[in-house]
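The data blocks that follow each hold one structure.
Each of the two complexes below includes subunit A, the first together with subunit B, the second together with subunit C.
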Partner chain A sequence: MATITTERPRTSPEQAAHARRQRVRRQRLAPILYIGPAFVAIALIIGYPVFNAIGTSFLNASLLAPGQDTFAGFDNFTGLFRDPAFWVVMGRTLVWAGAALIVQVGLGLVIANTLNKKLFARGAIRTTLIVPWVVPTVLVALIWRFLLDPVSGPINEVLRGTGLWENPPVWLADTRFVLGVLVLISAWKWTPFTAVILLAGMQQIPPEQHEAAMMDGANAWQRFRNVTVPGIRTSLALVTLTTISGAINNFNGIWLFTRGGPVGATEILTTMAYRTAFTEFDFGKAAAISVIIFVMMMAVAVVYFYVVEGRKGDKR
Partner chain B sequence: MTTRTTRPRRRDRRYASPGAHAFAILLLLGTLLPFTWMVLSAFKTPMELNGVDKRLLPGGFYLGNFEKIADTNFFTYFLNSVIVAAATTTIALLLAILAGYGFARFTFIGNRGMLLIVVAAQMFPAVMLAIPLFITVKTLGLLDSLTGLILVYISFALPFCIWLMRNYFMAVPVETEEAAFIDGCSRFRALWQVVLPPAMPGVMAAAVFTIIQVWEEFLYANTFIDTDAKRTLSVGLNSLIGEFTTDWGRLLAAGVLVMIPVLAIFGYLQRYVTQIAGGGVKG
Partner chain C sequence: MSTSSPRLSRRQLLAIGGGVASGLTLAACGTGSGGGGDDPTGGGSGSGGGGTLELWANAAIAGDSDSGLQRAVLAWGEANGVTVNVQGIPTQDLVPKLTTTSSGGSGPDVAIVDVSSVPQLAAAQVLADVTDQASSVTGDFGDELLASSSYEGSLFGLPYTTNNVGLYYNRELLDGAGIAVPTTWDELRDAAIELTGGDQYGYMMGAQGQGAFLFWPWLWQNGGTILSDDLTTATFADELGQEAFAFYAGLAVGDKVAPPEFVGSNASWDQYVAPFVQGRCAMMAIGPWGTAPIVEGNPDLDWAVAPLPGGAEQASILGGATISVGHNSGQSDLAWELVNWLTASDQMPYIQDTGNIPGRRDVIDSDWASEDPDRLVFVEQMEVSRARPALPVWGDIEWGVMANMWDAVIQGQQAPADALAAAAEETNQKLSS
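For the complex of A and B:
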């Protein structure tokens, strides 16, 4: 960067014109200088791989035979679509995302609504509730795998001790319960985030609206239903988007607990793609699965922007 | 940017019902009990943990579990994560400050357009990019190195950090830097000396966001790193869980040690955490 001294010598007209030209050129260049480095990093690490992944999904590509990729057309996709196992995983992914949405947004609404009231030590409560969100999933996995451990874990111990359940299951190894348990653990980690966003939305609602509703004799539920919910529509839409996309994209929340097991009971599209790529080394098929995930993401995003855009009149 | 409305709290309002407080206490218990149980159990002897001498509280301050961590590579994993987090955060923030300023002052991409790009970038399936990134990182000769991970993490942190910085820079009046220009300050120096200070909360929020992401990340660290001594904490801890499945004492002690810096950083920067969530709503 050229430095400009404070004491400028008197300049001739030519010099002034030259300086002006230089300044104009610098101004044109400036955006590139500022945005360029970040752009290069994003293009190299996100942009290029996206196109590469889409390309790979149309190839017969294997890590075991590098450099021998052949064009496969839609074979990777049609192969998946004809495979009943793929549809089972697809169905489970949708159930996983739907359950995440119901639990996390439902509970998030209740929590946010509670925190929006005047509680003792409200700030401290809110801070404490966010802690699971900042803890890495691997630690969440460590804690919950211990809590659910059939020998040392306290949960089964309590169930047996209180006589609630004589023979409690091995939660993470039982195909009947494992997916539900993972949904709940995931909610334990992610609901605080949902609640914080919803709370921020609720705090934007002018208190006069609540007071007016109270004056009209509305009870707590009616006020929640008719004042709070409409007031946080934008936050609700955002939270719905992040929860669905987060669940479909979730990998750690499954892999670090069960690796998709037992016997595939918690396999969703992301773990299937990873397994296909790095244990079966079928890059083409794995890329096809991930492109399908990508298309689902885009569909969710399009719906989101359609919904938000459709309410342009609303104040954000 | 939204116009700030008045806060809904009013001083004269009475406290919420006992029911609401009971529910809050329930939430606190649900949040804190798992952590508490981990900490308590980390100080239990194997006998106390595995059934022979079961008890709620540890009998004494048993430190054997913590001593056993020294037999593993845990502290190497820990150090690796600190290095990766520090390097990623520093570089990502420098780039994001430059780019955020660039977007705030030079371009005419609207809020909605920017948000669209950021959301899209956040939504790319990590698994989708794992294969091509594996090849890219390999081509760059950065496979099995922390540098490769840092490069990848920077790029993934950037979209959100840029957006956050842009929003904060937009809130700084252009007049402040124009005054600096008249005083003979270059644009570049004005950015660091005049525009950045009022936007520091944005920098902190972006830093918190980046650190959380780096500590969380498992997929790429697991795929790109082969050597045990180069593993980061999430991958390393996961491998320890696989290795010592029945030795919960040792694992929980490691868990306590992972928890300490997370809580320290969080306690220091927690108000910025809410801003990250808030940043998502501001639009």
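For the complex of A and C:
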């Protein structure tokens, strides 16, 4: 832009201002260029399918009649909202997520608090503890299917052998127990993650705070309640978010055990979406369920940002 | 966004199904049919074409590298200079995977699928219409088998194997109790009750869609039908159907002759056969695929196969596999060569070795069919075996509506008669939508 003239005595004020503007513009442009490629990649990988799914949710789209899609408006959504079965599944999804939250975060807190103390072989215990988390879900399913096998599984064998339960149930096929059993299996896999995050949070708390509390005569529970918990508030919010969203999305944790059965006793939104897509081949309706899941996730994320990020801002 | 590119949108939906089915079986969509499709070599001419064909089958048929199918395609591939990649996919994932990849414009060149899913896969444009290519060989196969490879008057593959369900029984347990092999419903029930006691049970039953699948022979034996002739109305809950279902469900919930863990035997035949293989269950109804787990799991077991005990008439259920060309195959001529070769007379030993019964007339009429008494049972039952309705929505009826209905019954949540009537209503809704 700056036309260079032959005689160029001193920089005029206008020229200086111009150069400054250019420098500022370049500084503003640089970050956009840096994140540009990543942004485009993410937009393609995440954004495109999301918008396509949203588009499909407004179609009558069946794989049994390829190429014959028609516009359905909100029919897929209203059809779901009017279906009592959908609300049962929605309710179960919330129970499933709530139970995961209580068990995984509750146990995670206990474990992290225990490991945060001076303890015999603490390193070894910590390492062992993390093992379930790195076990692939398929393997988790195999392990637990074996353990829970109604006839030859060790769990029922122990129950029978000790006389605690003469005729122990078929855990994964008994509608009274199956959802609870799956909650516990998922917790077995995911609690280590929760515990590690919370433990990291606890180790950020300066020991002086605990010492000071002790000087003031606070007992263990009071220290936990008034020093530890406030100190790990950010970690706690993080694991709450990841646990809720992880549970809502935990398809394999159910599908590999029960496929949503028996008689829908473990059906949550994700298994319902899969079944709708691949048993009924109704992709419009399946996409609508996916969009509903997506909206729920967004809600969780928004709450997270308000609670955690917002509070951080206040303090500064 | 809307109707402009429905195909892509479906495939991408799978990605967001990321919300849904993250990391499940959908990942491996690519079929990667290599180049060289412009050189359809004549079968057995050995003219060396190069190129790659993708063949998908359920895991049982695909087997290991030394399975009949794998050895067969290797032989054909070497003779024709073609690489054939055989992919074994778990049975319950095969139809979803075929359907979704095909909707995305890809999919295998050759597929071997269960006969009951042929109408669905034909309607979903997964399988190619091979009526014209096959016209010269259709005479080699029985009419009933060709019908079960067809949809709306067109042929969508050739019969690869055929089977039906018979009664496997533990000879030691029956002889020990002085019980003759049952031939009627009442005899079966009496024997099952007699053989139940302690840790031992008389008769195995399935859960979910298996429970529905195994019910159809009972329905037919009682003179009932699944749907009306024009396939628009459910008839399985009429008087005959209710009678058959009361008897069938009574074995499970009334007489309790099945091992209690059967309620958890979901979708996997391994779980279904386990009590029989372990010698804890005296009888079970299953097709020839029940043999391999017994031979491998408990070679000492003394067992045999008998025809299904009959009711008012004899009936069994027709199963088996169809082999066909993929609708989206870029090398459909070459793929057809392979299909045609695999179902030709010379290649039958590859199938016979697996214990399956090939779909060809010349094999079914041969000495091989009658030299083994267990095999002969299945061959003779072909006469009375019936196919399930040829409808694209059939999978949803059998594994959706009927599976849920049956589970509600065996979980004790619903009385058999109410459950069956409700399932008929639900089926009518599926048929009319």
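Methods note: the second predicted complex is superposed on the first by the 268 of 316 C-alpha atoms of A that agree within 3 Å, B and C clash if a C-alpha of one lies under 4 Å from a C-alpha of the other, contacts with A are read in each partner's own complex, and residues count from 1 in each chain.
Definition applied: contacts are C-beta pairs under 8 Å (C-beta built on N, C-alpha and C of every residue); 3 or more make two chains touch, one makes a residue touch a chain.
Keep in mind that what you see is a predicted model, and the values were worked out from it rather than measured.
Participant: Taking the superposition as given, does A:T279 touch the first partner, subunit B, the second, subunit C, both, or neither?
Facilitator: Second partner only, subunit C.
Participant: Which partner chains sit in contact with A:A173 here, subunit B, subunit C, both or neither? Use first/second/both/neither.
Facilitator: A:A173: touches subunit C, not subunit B.
Participant: Touch test for A:P84: subunit B only (first), subunit C only (second), both, or neither?
Facilitator: neither
Participant: Which chain, subunit B or subunit C, is in touch with more residues of subunit A?
Facilitator: B
Participant: I'd like to know which partner A:G163 touches here: subunit B for first, subunit C for second, both or neither.
Facilitator: Neither partner.
Participant: In the overlay, answer first, second, both or neither for which of subunit B and subunit C A:A41 touches.
Facilitator: first
Participant: Under the stated touch criterion, which partner chain does A:V263 make contact with: subunit B (first), subunit C (second), both, or neither?
Facilitator: second
Participant: Scan A:V196 for contacts with subunit B and subunit C and give back first, second, both or neither.
Facilitator: After superposition on chain A, A:V196 lies in contact with subunit B alone.
Participant: Look at A:I293 in the shared chain and tell me whether it touches subunit B only, subunit C only, both, or neither; answer first, second, both or neither.
Facilitator: A:I293 sits against subunit B and subunit C alike.
Participant: Which holds for A:N249: it touches subunit B only (first), subunit C only (second), both, or neither?
Facilitator: After superposition on chain A, A:N249 lies in contact with both partners, subunit B and subunit C.
Participant: Can you list the residues of subunit A that touch subunit B in one structure and subunit C in the other?
Facilitator: 45, 48-50, 52-53, 56, 137, 149, 151, 249, 251-252, 255, 270, 273-274, 277-278, 283, 286-287, 289-290, 293-294, 297
Participant: Using the touch rule from the top, collect the residues of subunit C that touch subunit A in their complex.
Facilitator: Per the touch definition, subunit C meets subunit A at residues 1-3, 6-10, 12-13, 15-24, 95-96, 99-100, 102-103, 120, 123-125, 207-208, 259-261, 263-264, 266-267, 275, 280, 392-393, 395-396, 399-400, 403-404, 407-408, 411, 413.
Participant: Can you tell me which positions in subunit B touch subunit A when the two form their complex?
Facilitator: Interface residues on subunit B, with respect to subunit A: 2, 5-10, 13-16, 20-21, 23-24, 27-28, 30-32, 34-35, 37-38, 41, 49-51, 54, 95-96, 98-99, 101-103, 106-107, 116, 119-133, 135-136, 151-152, 154-156, 158-159, 162, 183-189, 212, 215-216, 218-219, 223, 233-234, 237-238, 241, 246, 248, 251-252, 254-255, 258-259, 262-263, 265-266, 270, 273-274, 277-278, 280-281, 283.
Participant: So in the complex, which bits of subunit A are touching subunit C?
Facilitator: Touch residues, subunit A against subunit C: 45, 48-53, 55-56, 58-59, 61, 63-67, 69-71, 137, 149-151, 167, 170, 172-175, 249, 251-252, 255, 258-259, 261-264, 270, 273-275, 277-281, 283, 286-287, 289-290, 293-294, 297.
Participant: Sort out for me which residues of subunit A touch subunit B in the complex.
Facilitator: By the definition above, subunit A touches subunit B via 1-6, 30-31, 33-35, 37-39, 41-42, 44-46, 48-50, 52-53, 56, 110-111, 114-120, 125-139, 141-147, 149, 151-152, 154, 157, 188, 192-193, 196-197, 200-207, 210, 234-235, 238, 241-242, 245, 248-249, 251-252, 255-256, 270, 273-274, 277-278, 283, 286-287, 289-291, 293-294, 297, 300-301, 304-305, 315-316.
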